[in-house]
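Next come two complexes built around chain A: one with chain B, the other with chain C.
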Partner chain A sequence: MALLEVKNLDVRFAVRGGDLKAIRGISFSLDKGERLGLVGESGAGKSVAAFSILNLIARPGYIAGGEILFEGRNLAAMSERELRKIRGDRIAMIFQDPMMTLNPVLTVGTQMVEALKAHRRISTANARKIALERLKQVQIPSPEKRLDQYPHELSGGMRQRVIIAIALLLDPEIIIADEPTTALDVTIQAEIMALLLELCEQHNVALMLITHDLGVVSQVSQRMLVMYAGRVIEQGPTKEIINDAQHPYTQGLINALPQMGEPGRRLFQIPGSMPSLNRIPTGCPFNPRCQFANDHCREVMPEYVRSGNVDVACHEVAALIEKEKQLQEEQP
Partner chain B sequence: MSTATLSRWSRFRESFLWYSFKRDKIAIVSFVVFVLIVAAGVFAPLLAPADPYDLTQINIMNSELPPMWLDGGDPQFPLGTDAQGRDLLSTILYGTRVSLLIGFGAVLLQSLLGILFGLLAGYLGGRVDALLMRVADVQLSFSTLMVAIIVGAVFKASFGNLMFGEIAIYMLILIIGVAEWPQIARTVRASVLAEKKKEYVDAAKVMGFRTNRIMFRHILPNTLSPIFVIGTVQIANAIISEAALSFLGLGMPETQPSLGSLIKSGFDYIQSGSWWITLIPGLVLVVLVLVINLLGDWLRDVMNPRLYKG
Partner chain C sequence: MTAPAPLVEIRNLEKRFDLSGNFLEQLRFRNGKLTRHQEYVHAINGVNLQVQKGEALCVVGESGCGKSTVARTVMGLLSPSGGEVHYGGKRIDDMSGKAVLPYRRKMQMIFQNPYASLNPRMTIQQTLEEPIRFHHPDWTKADIKNQVQDVMQSVGIDPDWGVRYAHEFSGGQRQRISIARALAVDPEFIVADEPISALDVSIQAQVLNLMMDAQEARGLTYLFITHDLAVVEHFGTRVAVMYLGTVCELADTATLFDSPRHPYTQALLSAIPRLEDHRPNHIRLHGEVSTPVNLPSGCVFHGRCPYANDRCRQEIPALIATDSGSQVACHAVEEGRL
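The block that comes next holds the complex of A and B.
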């Protein structure tokens, strides 16, 4: 059984004039110690997906359907009390901006001790010991000093290290990292990413990495999901998707990256932009921007088809697979 | 432990608060005057030459003596005496004590109520917010003094003069405290609305903290600077409110005068030339309120996050 299994998750925001469907029936699973990448443009629903895993969608948002099974228990139907035991303890989360995630008026030590005490019966002295231990693990310079410092006394990279230390504090099963390096300098980004990976491997923690950086995903994750307008449009082993993307959107994303060894090539651009939630087109949500779109795409939402180990939601890919099948049947 | 307090002290020495305090002459002077007045009030029983509450020390023959530097003054009474023959210096010292007690007490009560309701309204939002803020609106639509006069009059009538005299100080704290809580509640609510959108609140939720804990431990400390500023100004307001109520005869009884009731008691004699009974406590009151307001202004400048947090 998978550690985390999300089935047909539906998240909506109740606004005047009806519900906005932020997430429309996404399904995926995460095994123990696995690293899963979640990619997509801004507004694709990546962060909403992350928050809904912890059942932390704030009003007016709500989980309209589906299941979030963590070790077999459905988080979507759990009481607030039980959820609190899981949040931070079993599933931790790392946010985008380390400048904002730490409370500015509490010292690093206080925040770490608090997190420990919220979930464990532990003395302050022991909690400080564990906190110090974790700070050492994230390789922060002079960790003893940091415990009594306030967040504004630390640099961005150091703060993100502290945040990783807090995430690891209670030995969680899963860390959800929502663009953990976006707000950092490029050089620090690589360091932090490497550290996060190393620690996840060391502690056998499953990592769900949310990012719009395909480069990071391809290096880090074993499997990946590509989201578009609240749907997962392609999911499978990272290598297969990066090397041979099936969905036109994923292809577009990959072509939009500058490649080494091809100097002078004009970068590809996917025309148009992600539709806003109240104007999602009928049929395949990607159809207005897709070069292969036909009338069928504009009317019918594509189902998932399997190509290799990858699940894709695209009529065009489905048609290609069908054709191949026929060819194979004709030439036995 | 001593290292921790030491580092806290050195931290304070390096803080922006201390830095800007050292450079602001008005703040320094105001602070010194304020501390002197507070010390005079706190140590009144030690400093005062006589005990104005002790009726056996009063001699009616000494009434309305002018200050000692005027003709007919008695060196025994440096600032003269009031109509009952009490030493004015001692009475002012005790009166300052009463006024400060009411000022601080009322603001403490206001802050407790204001912070609690402001936090609940801001953080929980929805119906709780609507209900609490409407109550605040209704209360703000009455003038503080009017509410205080009505409540004070009702209490005075139901308890009788003697009984009221004994509990007057608590009554005034209660009346002024309850009448002014919406000021603080609104400020807190506004700050909470801004704070709760910040990521550290999300992070706290993700950590599995309880709502109470997030409100009081994580959000509240981040909203404290405006509360400090308003609280300071509110102390001055509360002292003025108390003086006004006392002046109207609904405040402290003349047996345990506050600055306000002293001013009032002297006012009856101002026509007969005994100006000092009103003027000297009046000056103390003005200076006290002025320095508190100046300190409040300075705090507002220092604690304005746009000026230094950036």
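The block that comes next holds the complex of A and C.
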């Protein structure tokens, strides 16, 4: 059984004039120690998906349907009290902006001890010992000093290291990292990503990495999901998707990267932009930007088809697979 | 060897920002004595750059390295603390506001955040008309209108949308409008400060293509500021890598990406997450970027450099030409240790 299993998750935002459907029936699973990448552009719903796993969606948002099974228990139906036992303890979260995540008026040590004491019966002295241990693991220079420092005294990279240390404090099963390195410089980003990867392997923690950076996903994750307008449009092993993307949107995303183009030539570009939630087109949500779109795409939402080990939601891919099958039947 | 005269030349540029406040705030009482205490951010320390006509010179570096300050100083939005800025052979940084006007028409800027750089209370038509009216006071209303329509079409914005306000457009469209505003007065030279960093991947490609098309159609020269090396590799003719207010390597794009010489450039290049990588395999730099308030002695990079020795800690390296055609400011390269 998978450690985390999300089935048909539906998240909506209640606004005047009806609900906005931010997530429309996404399903995926995460095994113990597995690293899963969640990719998409802004507005695709990737952060909402991550937040809804711990039911951290603030009103007017709500989970309208589906199940989030963590070790067989449905997080979507749990009471706030039960959820608090899981948040930070069994499933930890790392957010994008380290300055917003840390409390500016408490020292790093106080915040770490606080997290430990909220979940374990432990003396302050012991809690500080564990906190120091974790700070050493994230390779912060002079960790003893950092315990008594305030977040504003640390650089961006160090703050994110502290956040990772806090996420690891209670030996969680899963870490959900929402764009953990987006606010950082390239060289610092590379260091933090390598550290996160190392620690997850060392402690056998499952990692769910939300990012818009395909390069990071291909370096870190074993499987990936590509989201577009609240739907997962492609999911499967990362290498297979990066090397041979099936969905026209994923192909476009990869080909639009400057590293894929020849220097000085025009880049491949996907026309248009992601639809806003109140104007999602009928049928396949990508159809207005898709070069292969036909009337069928404009009317019917595509079902998932399997191509290799990858699940793709695209009529064109489905048609191609069908054609191949026929060809094989004709030539025994 | 005589290279053609550069369109824009920056000589020994320096820029300091005063942190110490007014005179009273500078006074400190120490050991029974009243002393005056002054502190500066040394944003640029002696940068020399030449932008040739028709090229795209990219300036890369991490946050705080002074790349945006270079852009703003070239544009005259900041006045340099030392050094000179030349445009077409004329020194422009000490010109009076009136004398510099014809140069301002030839130099335009595109900013990073299209949500902040467009006036929310002006329609797009007004936004695009303003620079034209300012620089061509003799033009008739019809001339201005035609020019606005042309420029909107050239960036792929429907001219009928001129009556709309900036908030009615998506991020990519807003950046197109910013580009249109820069192009409206037919400039020769465009400074683009992180023009695509705030945009999504698929939109970044659209905007980059637009900028390359405009370069081809109008013969533009770019000074392109970015932190994204993948974009530089695609877009740049030459690259200047900056670290803590100094240029540490300057080379043709292909040369820089094939054989980076400066240890910082090497680390920076290895840190780009590439699609074909299976694990992060970057050169690990230790320590943090030091602050531009207290600049380190000697080479600014020595605190994080794996090859630093005593000379690096004391003597500031100068940009020297190497056999591969790039210019590198590094003692280790000069001595052949690297």
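The working rule: the second predicted complex is superposed on the first by the 326 of 332 C-alpha atoms of A that agree within 3 Å, B and C clash if a C-alpha of one lies under 4 Å from a C-alpha of the other, contacts with A are read in each partner's own complex, and residues count from 1 in each chain.
Please note the rule applied: contacts are C-beta pairs under 8 Å (C-beta built on N, C-alpha and C of every residue); 3 or more make two chains touch, one makes a residue touch a chain.
In this text, all values refer to a predicted model and were calculated from it rather than measured experimentally.
*Asks:* Could you tell me whether chain B and chain C fit or clash when both sit on chain A in the superposition?
*Replies:* fit
*Asks:* Would you sort A:Thr101 into first (chain B), second (chain C), both or neither based on which partner it touches?
*Replies:* The answer is first: A:Thr101 touches chain B but not chain C.
*Asks:* Could you read off the angle at the CA centre of chain A, spanning the centres of chain B and chain C, to the nearest 10°?
*Replies:* With chain A as the vertex, chain B and chain C sit 80 degrees apart.
*Asks:* Considering only the touch criterion stated at the top, classify A:Leu147 as touching first (chain B), second (chain C), both, or neither.
*Replies:* neither
*Asks:* Which chain, chain B or chain C, is in touch with more residues of chain A?
*Replies:* After superposition, C is the partner touching more of chain A.
*Asks:* One more residue to check, A:Ser273. First (chain B), second (chain C), both or neither?
*Replies:* The answer is second: A:Ser273 touches chain C but not chain B.
*Asks:* I'd like to know which partner A:Glu191 touches here: chain B for first, chain C for second, both or neither.
*Replies:* second
*Asks:* A:Leu116 in the overlay: touching chain B, chain C, both, or neither? Say first, second, both or neither.
*Replies:* The answer is neither, since A:Leu116 touches no partner chain.
*Asks:* Give me, in Å and rounded to a whole number, the least C-alpha distance separating chain B from chain C in the superposition.
*Replies:* It comes out at 7 Å between the closest C-alpha atoms.
*Asks:* Taking the complex as given, what residues does chain B use to touch chain A?
*Replies:* Touching chain A: residues 7, 198-200, 202-210, 213, 217-218, 221-222, 224 of chain B.
*Asks:* So in the complex, the part of chain A that touches chain B is made up of which residues?
*Replies:* Within the complex, chain A touches chain B at residues 54, 56, 83-89, 92-93, 95-97, 100-106, 114-115, 118-119, 148, 163, 166.
*Asks:* Would you mind writing out the residues of chain C in touch with chain A in their complex?
*Replies:* Touching chain A: residues 62-63, 170-173, 200-206, 208-209, 212-213, 227-231, 233-235, 253-254, 267-268, 270-280, 282, 284-285, 287-289 of chain C.
*Asks:* Would you pull the chain A residues touching chain C in the complex into a rising list?
*Replies:* 41-42, 141, 155, 157-158, 185-191, 193-194, 197, 212-216, 218-220, 239, 242, 252-254, 256-261, 263-264, 266-271, 273-274
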